[in-house]
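Each of the next two complexes has chain A plus one other chain: chain B in the first, chain C in the second.
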Partner chain A sequence: MHIPDGYLGPLTSAVMFAVMIPVWAIAFRKVGEQLGPKEVPMLAVLSAASFLVMMFNWPVPDGTTAHMVGGTLFAIILGPWAAVIGITVALVIQAFFFGDGGITALGANCFNMAFVLPFVGYYIYRALEERAGKVVASGIAAYIAINVAAIFAAIEFGIQPYIAPGYCPYGLNLSIPAMAFAHITTAGPVAAVVTSVVVGYLAKSRPDLLELGRKTPGVMG
Partner chain B sequence: MSKFVDKTLAEIVDYIRDAVFSEEYAKRKGLLQAIDTKVKFIAFMVLITANIFARNVYLIIVFFSVSLMLAALSRIPLRSYLPRVLLFIPVFTGIIALPYIFNVFQPVEGTPLLVLYDFQRVIHLPLLRPFSRIEITREGVFWASTFLARVTTAVSFAILLMLTTRWSDLVSTLTALRFPKMFVLIMGMSYRYIFLLLDLVSKMLLSRKSRVIGKEKAVKSWKLNAGILGALFIKSYDMSENIYLAMLSRGFGGEYKNIRSDSRPPGLRDYIFLSSIIGFCIFALITEVIA
Partner chain C sequence: MESWVKKALIVMGFFVAIVPIGILATWNCGDAWGEWGEVQDTAHGINWTPRSYFGAPLPDYNVEGWDNKLMASIGYWISAIIGIALTMLVVLGIVKAIELHRGM
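So, the complex of A and B:
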């Protein structure tokens, strides 16, 4: 899902940064209020873990790449605002050290993977948790969240032919099916299985970890 | 799947080992190593942004030559610089961009370069424009190469910045440029965790491999992998608790102090460097607008 440099026109890149700046500001404030210094190393560990799972990616012709992000798991454990910061950190390191995901596209990439994904995942998980149980709920949440994020990415570069000729040439008719197909069939199931398996393992061996996110709710307002 | 995982892991380990190794270049005496890190960071952001505005492939090649020139002036041998730039990302980007060279994926009819197949009748497929031939078009090849050049150039600048900057200098620069303290703190820590976690995962996978004979069934293999992932999580959580206690016992109060805090103000040389980079970018973009 990493959008490379040069896929988005300058205008879209700028708009996505403009959208993310208040999100980052709120995230830093919320996390500063809700998480103590004790959770800081945990945030860093999860960020590193997210970095590693994102390295397992494969290219999608007509789109970008497919991979899991770990955003839903992150949001379940530490709350969605903490996930915003943690995944942003992972994306920044990837963009600078590995050239994976563009530096000018960081706003867009963070919007999709560090904002949309953990929030969608978190709220679906919370909604289903009681009825479906933690394991199933986390799997469904991760599956839907990664697909929603992929569609957002597809829309961002799919509109380029209409507004910024010379950048991503694939219109929405190609970008959305390409990204949706790759995520529905490959990255989605991987994310669902890995997330539910880890949540299941944690529920069995360290249930206290799954309560952290609730203590520090990410509810807006 | 497990081959894919093994291969990717091996690649990451190699790359990271390389990245650590590469502090060697950051310690050399060259142009970029001598420039103040804050100034260098800003200059590279300017270069990468300007490169995005460039639509002419020749102009992008000029930008790429600038990165090669800066690498040479910083005493980074091309044979270790170019593979880093060209190996991974441009290959991926190439696969992403490849379909566009064919007419069927283009929004309007282009100039054919090479006809691959003629159906003799109009084919209607969902999502695609109706077409009667599959051909490679001039416009498609032109766009794909422009795109590839632009991505490669952007990656070349990012890698050059990292190769010539020590990690600790970069962290203190981010602090100096007023990035949120918590961001810098977490980034500094997770950078180190990546190495540690990677080491843990490879060891766990290796130890499992050494105890498994023959092929595993998919479900069983998933369950084993799941255990590894879960254990990894718990291990890292315990580790993060220990690290917190270790930090606390050394006087951590929520603030990150860098040992190599770079308080030296930028000098004349730094300003000359920055203004020539900005001047070059403005000049390049003006020529683009005129052309």
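So, the complex of A and C:
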């Protein structure tokens, strides 16, 4: 769901950057309060892992591909604000060095993948972990979160035919079903399996590393 | 380096080794929806190319001109290693900046 340059009109691009600027500012402040001897290497590892899992494209049965992001796992381990920073860095490098996701679309792509995704994943996990257990809760959270993020991306480029002719040619009637299909059938299950496997492993063998973000008082509020 | 960091890097090394399956998926099954360089869709009467404003050093995680499956896989490997190294460097740079800022 890396929206390329040329798909979003100037208004949408500008609004998405405007929304992200305060999010980035808060994230820097929150992460600054959180840095400890375990948190710093974890932040680097999770950011790199997010970059890497996004390179694994999986075939969607309609002749396209899709990938997971790692945002829910990131948020479960270090908290959603750390995920904002780490995934933003991965998306910036993807846009500038590899042309994956537009530079004018960075605000939108960060909103979907570095903000909506980790926050939705984090709060679904928090809501379910007592009843469902950490492994199941993390899988469900990852599945729903990537789908919500994909729908946001579909709305952002799907509204262009109505407000900015010459940009994305597909309207909401095509963009939403296509993005939902790719993430319900492919990216969602991949995200669910990978997230719950890692959470299950950490819960069993390194519970001190799981939910590191919650161990710093006051950070998650 | 703490043992869990070493373990995490080894696991990532394994996934870097097999990362070409990610690019082969797009060679065999197509790009992600809505990430096309051009759209020729006769069913919907759409013939459209998005405006492109910027170049990139390794566009599509590949070295320009390496356009067969083998060379694209090697380009993808190189891109994964560079991308992971850059991501970690930038994150650690941000951490350093926050620490310096806090120390003032």
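The definition used in the following text is that the second predicted complex is superposed on the first by the 203 of 221 C-alpha atoms of A that agree within 3 Å, B and C clash if a C-alpha of one lies under 4 Å from a C-alpha of the other, contacts with A are read in each partner's own complex, and residues count from 1 in each chain.
Here, a contact is a pair of C-beta atoms (placed from the backbone, for glycine too) under 8 Å apart; a residue touches a chain by one contact, two chains touch by 3 or more.
As the structure is a computational prediction, the values presented were derived from the model and not from experiment.
Residue contacts after overlaying the shared chain place A:M179 against chain C, while chain B stays out of touching range. With both structures placed on the common chain, the touch criterion links A:F157 to chain C but leaves chain B unconnected. With both structures placed on the common chain, the touch criterion links A:A66 to chain C but leaves chain B unconnected.
Once chain A of one complex is fitted onto chain A of the other, the partner contacts of A:P10 are limited to chain B, with no touch recorded for chain C.
Once chain A of one complex is fitted onto chain A of the other, the partner contacts of A:P41 extend to both chain B and chain C.
Shared contact residues of chain A with chain B and chain C: 4-7, 28, 31-32, 38, 40-41, 43-45, 47-49, 51-52, 55-56, 59-60, 62-65, 85-86, 89-90, 92-93, 95-100, 102-104, 167, 169-170, 174, 206, 209.
Listed in rising order, the residues of chain C touching chain A in the complex are 1-2, 4-5, 8-9, 12, 15-16, 19, 21-23, 25-26, 28-35, 37, 39, 41, 44, 46, 48-61, 76, 79-80, 82-84, 86-88, 90-92, 94-95, 98-99, 101-102. For chain A in complex with chain B, the residues that touch the partner chain are 4-7, 10, 13, 24, 28, 31-32, 37-38, 40-45, 47-49, 51-52, 55-56, 59-65, 85-86, 88-90, 92-93, 95-100, 102-104, 161, 166-167, 169-171, 173-174, 177, 193-194, 197-198, 200-202, 205-206, 209. Contacts from chain A toward chain C in the complex involve residues 1-7, 28, 31-32, 35, 38, 40-41, 43-45, 47-53, 55-60, 62-67, 85-86, 89-90, 92-100, 102-104, 153-154, 157, 167-170, 174-175, 178-179, 182, 206, 209.
On chain B, the positions that touch chain A within their shared complex are 4-5, 8, 12, 15, 19, 45, 48-49, 51-53, 55, 85, 88-89, 92-93, 95-96, 98-100, 105-107, 127-128, 143, 146-147, 150-151, 154-155, 158-159, 161-162, 180, 182-183, 185-187, 189-191, 193-194, 196-198, 201, 222, 225-227, 229-234, 236-237, 239-241, 243-244, 247-248, 252-254.
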